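Below, chain A partners chain B and then partners chain C, in two separate complexes.
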Partner chain A sequence: MPAEAHDRPAEQFNLRLRRYDPESGEAPYWDEHTIELEPHRSVLEAILQAKDRFDGSIGVRCSCRQAICGSCGVRVNGEPALACHTHLDAAKASAKDGVIEVEPMGNMPVLKDLIVDMDAVHWKKIQRVTPWLIAKQPVPEREYLVGKENMVDITQSMACIQCGACVSDCLAMEVDPGFIGPAALAKAYRFVGDPRDDQQDIRLKDLAEDPQGIFDCTHCFKCVEACPKDVNPMGQIMRLRRIAIDDQKIVDKNNGERHEAAFTTLVKDYGLLHEAELLPRSYGGNSWFGKFHPAAGKELLSSLPVVLKGLLRGKVNPKLALFGHKLPAADLKQVQRIYDTVEGREQRYELNLYITGYDEVEETPVPGGATSTNGGVSPAATTASGGGESPPAAPETEGSAS
Partner chain B sequence: MPSHDVLIIGAGLAGQRAALAAAETGASVAIMSKVHPVRSHSVAAAGGINAAISVDDDWRSHAYDTVKGSDFLGDQDAIEIMCSEAPKEVMDLEHMGVTFHRNEDGELDLRAFGGASMKRTAYVADITGQALLHVLYEQLMKHHETVERYEEWFTTSLLQDEDGRCCGVVARDVRTGRMEVLKAKNVILACGGAGQAYKPTTNGLIVTGDGIAMAYRAGAPLMDMEMVQYHPTCLVETGILITEGARGEGAHLLNAEGERFMEKSAPNKMELASRDVVSRAEQIEINEGRGVGPGGSGIFLDVTVVPRKRTLEALREIVNIGKDFAGVDITREPIMIRPGQHYIMGGVKTDVDGATSVEGLYAAGEVACVSVHGGNRLGANSLLDTLIFGRRAGEHAAARAAHMSSPSFDAGTQLRRDESELEAIIARSRDGRRVSEIKNELGETMNKHAAVFRDEAGLQGALETIGRLKEETAKAWIDDRGTVFNQDVLGALELGYMVDCAEATVLAAIERKESRGAQYRTDFPERNDEEWLKHIDISRGKDGPEISYSPVTITQWQPEERKY
Partner chain C sequence: MKVAYWPGCVSRGFTPELHGSMAKIAPLLDIELVELDRACCTGAGVIAEHNQELADTLNARTFALAQQVDGAELMMNICSTCQGAQSECQERLDANAEYRGHVNETLAGEGLTYEKGLTNKNFLWLLVEEIGLDALRAKVKRPLTNLKVGPFYGCYIVRPRERLGIDAERPRDHYLDMVIDALGGTVIEYAGMRKCCGFPIITMNKDASLKQAGRHLGDAVDAEADCLVTPCPLCHLNLDLQQPLAEKVVGRDLEMPVLHLPQLVGLALGLEPKELGLNRHVVRPTSVIDWSTSVVGAAA
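Here is the complex of A and B:
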């Protein structure tokens, strides 16, 4: 009950802030403060108390205090978060020594203390995806008539507050700083999924052909966990892939489309991934004969150092990699049944937190959006092209070419 | 030195709309904001935007509702302009890319809102402000060649030539601390209200009355400053806003006895009466001991009566707010709320094109007072206000610039004055009070005495306190001695702005000896059209604030008793 939430007395919390003064010529350092607040108050309120009472020079961007302006993206105990959206008790619980550590976000240069240069990274990447509507012509006198579910659908990517939390933790970007990245690609979906946009095909072709585009994402789920608004950036990237491959039939020069096809075929045939077959099939053609194609041989050769390194470090089991995993026949059948069900649908189901897909019956499980705080995917689903309400569906296997 | 036809200060909805409108005419335009544009507080507007777009609606009905909502203090010529231009404006935004939610036929869906005689609020879930702001910013990115952006630049003062004409600003690049003069044929203030003069408030930490105070200091009168809106549904502890959209979708307000108490004061509109009426009704329940929660200081907002799927789809943001900021699942249990400071109807007095009485200076959005909101703003009319009058100010300022030569004046003096003022703040010895302490006392004072209910004694006490705080502000000290992102020194300037705004509010509230709209005087509980159907203007005189009056423009709706 709310009464209990408001009744908890103030407690002391220890805060360890990463400080950096670009004018001092000195290296970044840690700065500790003890603050007093109720445990359900936010890390931002704690920083502001330290700033108000002890040291006004602590640099932190903030404004709304309610997770809508997107200013206060930081890392709390190493994980990206909005400071205003992280409760002190939770932050204390996840701290390694009971002291709540707050650092600036990653993947972006630090300007001062907790303030990073978002223009240099985040906004530059947003610019990359032509971030405005290219409206279908002629423009109607009144509103464009579009499906109800279409607008609810793109509201999920519209709900992005540009806080940079996903950019901070993107592993692909860490390896390849040129990767367009989760926030900008989620923004791209906002246009690709918008029926009023006239250049769906051009946008998709561009993002598929760019070696740092939609196929550069490695499916690590970090951005999904990082997002404080449940935008599910990786999910938006996978939707861009599905539309590019299945609807627009784009075969990209990065081999993204062929790689996905090889991946899903192998899982369908073997029940689990057959590592040794994946690479030759991705480059040489999606069949057993793929490995005899010259392109496959070339790619295999160039990948040898990585393969050897994997073997040496014990990350690859040579027997399993070469001969594939063996599933009991009954289990394999179950896997193939998933394929039959998903591929047998007339329309693709897509995950969307705004469309719950079913109504308010008490027995139904609580949709993910209402309970998860970390952007967990909801069991809700809708069809990509809108239309009527969809029944609940199991989340699709990522990369499935249904 | 940069020079522009139109320089806009503030990059929320009014500012961005003004920039796009001015740029469309071919004028040279720049927009400056102390934060990145998408952080502007317009982002927090949730519920929607009003426009008579339904086939069975008429803008006159919208205008009448607005006049009635304003408790007949709104200027009807301005209200007619706002409401008649609303449908086209909403369509223009839709064409720009705003993802308005649709009905089953694919047309814009409309939801009910307070004080409206029919459903006329277009919306994007409950993130309408965010969607509008981000789509306008998409357009600014698109038009980056015609609109220059100064992001994270703080305006320290307005520049005026010998004849008092506004001809630019002095500003500080927050990132580097460098101060610069920007010349402009016209300056449009679009930097929001002054909610941070109150504590708690729904407003963000950046909403510190900068524009209101700068215009006042430049000689422009402020109008309707006593009219401060308390929103009926704010979280008890933090003041965070729960959108009126919740009641628009059917949520109830309940007191400790489980009674829908709005029956008593608004038997027809119930929870969807205008905000001043609902906030007063709630405060009466709390004051008379029928409040809920610790100390009986709250009211229950019951969203569980709204179908669950609808709540998750159309009120998703407040589902999250309930969970994250109050620990309540609003789809399963009522949430405790109370009235909280939300909006200032008053501001810099402008005409219907946004022009202030200072030549070359415009204002639009919450910083301005046209006055379309009069004594009380209707929900979902503020987004409309920002867009309509932002656009009009942008167009008008650009047209004025077209037949003007570049201003010539000595800007060096003001630049040096501002530079040394900031240096002096940074160098202050620690014998006064901290900026944060003074800000807290100001906010608590305002929330106690210039709130839902007011009286002479409380207001006079507040005025005295503000006088003292003003002196303390002049000596307040800070910690940060640096130049890069010195937010501390900017906080000291913001405090000065807030104190000026608070003083104007309290003075006007003392002056208006009646109850109208958001101003409820327990010592003058009746509306008194004979004496007080007029605006209170406050200007900066030689020896402090000076009070004068201006008439209310009435076109077709004579004042009548207000019933909901």
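Here is the complex of A and C:
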């Protein structure tokens, strides 16, 4: 924030607060207050002023007021945020009608006004993933000695402050409340990726086999966007999947492994996605014979009306459905060469920009281009890279498969 | 304008009417499409889930091929999921010179190199930013008067905002609304317009997947939309092809037609529904939209 922002005088801001007291038997309602504060002050301070001056019964949870404790998660203008970490001028700018709207977080029951029941949802899910280290035996007499690179890998998931913003907006949880969810799965990676933990395989098997585990994430990026600490929960879920499937070779009953294997193999074999093969293979196994597996048969039968309708409408071309589309031979060969080269490496390479940061780049705006935005140094990068060191693509931590 | 054109797999597979309608409207918008017919699937996030370097290298190959297209101003795609998957790979490639060099080493076997800074835009972005809404408005022959259209963006083209270059100057997460309006239609806002269609988990948790599709379609019905429009063929699969199954999961009739973006643009530019492949949808737009009051019905 520019220094002059702090010098601006107090001004009036209008707040619209969602009020609800389940014990009252009354329906939720909106309550409006006008407060006076400097524009760089936070939405939390505005709520507290309203509580102080106009209505002591406003329910809000807070503690540190500096984006560390994770207590004041709310929705500001419909988007998840920490009330203490949202400036009033920014909140006013993103408000539809100039009135800053504050609601409780979603996906969790409201206890009162802006306070949601974290115990009933968030903490229960965190408990679900055994959120502590199960030490390898024998435990060393003194401290564990672990390579720095091993711990760097899990720093992103360790940055979580348990505010529940990602849980609030998880779209998978919205339709499937039992989904373990982004915060808890990011926490699970914190231990799966820790070389001192003894149960990587057991943890992953458990999370892969649970129908509401790692394969229930719809990849919608909501949690990535919601997180005030750049934890990238979805990215951690993808890493859990990668290690479960490719290192631990876990074949789960939810089709997670089969789907990934079928997709990856089909693109290698055809260069393009052969959709008609993807579905049966995801159920029946990753080969041409997958479609004859009973699980695939059952699924195909249930999808038959849809498939037939697609065929009838000329949406699904029978020839394409049978044989797929393929790249020209010379190009397919190049695609396969890339597969062989990259998959043939001793260790997978994974560039995590949270850890490596971005190259310093000169600002050369591309006319109308999408690229000028990609060059900037992100806040995540600056907080994570500390001294500005920029290691090359770090070998992915293989964890401690034992 | 000349663009290196990446159609994607699904637009040539299970939603052929998408690629077909794009080809039909391109000349009307003075877009010359040079198809990247040697490029491979973006991986749709699934290959990146399996092996990030593999996805980055395969997409770097596509970017390098696009950069070789003579006279092309930029690369264009017609699939939200392709846009998201490619943007993710490009972000890593552009962020770190050493990593880019490493990936380019693999491409060298084919004599290709990816140079940092490719511009890759979904057709939606190109329409608003390159062609411009005023120019688009001027080309409209059959305004979509009285047609109530609900936008369905698809996750990959609206999140994460920073990676996708969405900000106050380029409100790309509002472009569909702006295009519908420019074409003369009425924008219908509904709860699910920027939510997930559920497609990525259709093989893992079919019930949850279809519940997502069904809910958003239901929201659109309740908001009295005549149809939806989407820039994502994968969303289209869950919202249209699977709609009869989604109806069963949410326990209500939906009958909500879902148009691909080029189809909606094509209708306004004066093309016939059949040329745009509207008859190929599972939920036929012509079967539910009132003949007398809307262009879609009237032209059928």
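Operating definition for what follows: the second predicted complex is superposed on the first by the 275 of 402 C-alpha atoms of A that agree within 3 Å, B and C clash if a C-alpha of one lies under 4 Å from a C-alpha of the other, contacts with A are read in each partner's own complex, and residues count from 1 in each chain.
Note that a contact is a pair of C-beta atoms (placed from the backbone, for glycine too) under 8 Å apart; a residue touches a chain by one contact, two chains touch by 3 or more.
Source: prediction; values computed, not measured.
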Which of chain B and chain C A:Gly271 touches, first, second, both or neither: second
First (chain B), second (chain C), both or neither touched by A:Ala208: neither
Touching partner for A:Lys315 - first (chain B), second (chain C), both, neither: second
First, second, both or neither for A:Ile100, with chain B first and chain C second: neither
Partner chain in contact with A:Ala183 - chain B first, chain C second, else both or neither: neither
Chain B versus chain C as contact partner of A:Met158, first or second or both or neither: first
Which of chain B and chain C A:Tyr339 touches, first, second, both or neither: second
Intersection of the chain A residues that touch chain B with those that touch chain C: 353, 356, 358-359, 369-371, 373
Residue numbers on chain A that touch chain C, as the complex places them: 93, 171-172, 174-176, 179, 211-212, 215-222, 224-225, 238, 241-242, 245-246, 254-256, 258-260, 263-264, 267, 271-276, 278-279, 282-283, 303, 305-306, 309-310, 313-317, 320, 324-325, 327-328, 331, 334-335, 337-339, 341-343, 345, 348-351, 353, 356-359, 366, 368-375, 378, 390, 392-393
Complex contacts: residues of chain C adjacent to chain A: 9-10, 12-17, 37-41, 43-54, 56-58, 61, 74, 84, 87, 90-92, 94-99, 102, 106-107, 109-110, 116-121, 125, 129-130, 155-156, 159-165, 167-168, 195-196, 198, 200-201, 203-205, 207-209, 211-212, 215, 241-242, 244-245, 279-282
Chain B-touching residues of chain A, taken from the complex the two chains share: 1-7, 21-23, 40, 51-53, 55-57, 59, 61-71, 85, 87, 111-113, 115, 118-119, 126-127, 131-133, 135, 139, 141-148, 150-152, 154-155, 158-159, 161-162, 190, 194, 196, 353-356, 358-360, 367, 369-371, 373
Complex contact set, residues of chain B against chain A: 35-36, 38-41, 43-44, 53, 91, 94-97, 99-109, 124-125, 127, 130-131, 134-135, 138-139, 141-142, 151, 175, 204-206, 236-238, 240-241, 292-294, 298, 307-309, 312-313, 316-317, 319-321, 323-329, 331, 333, 335-336, 434-436, 478-488, 491
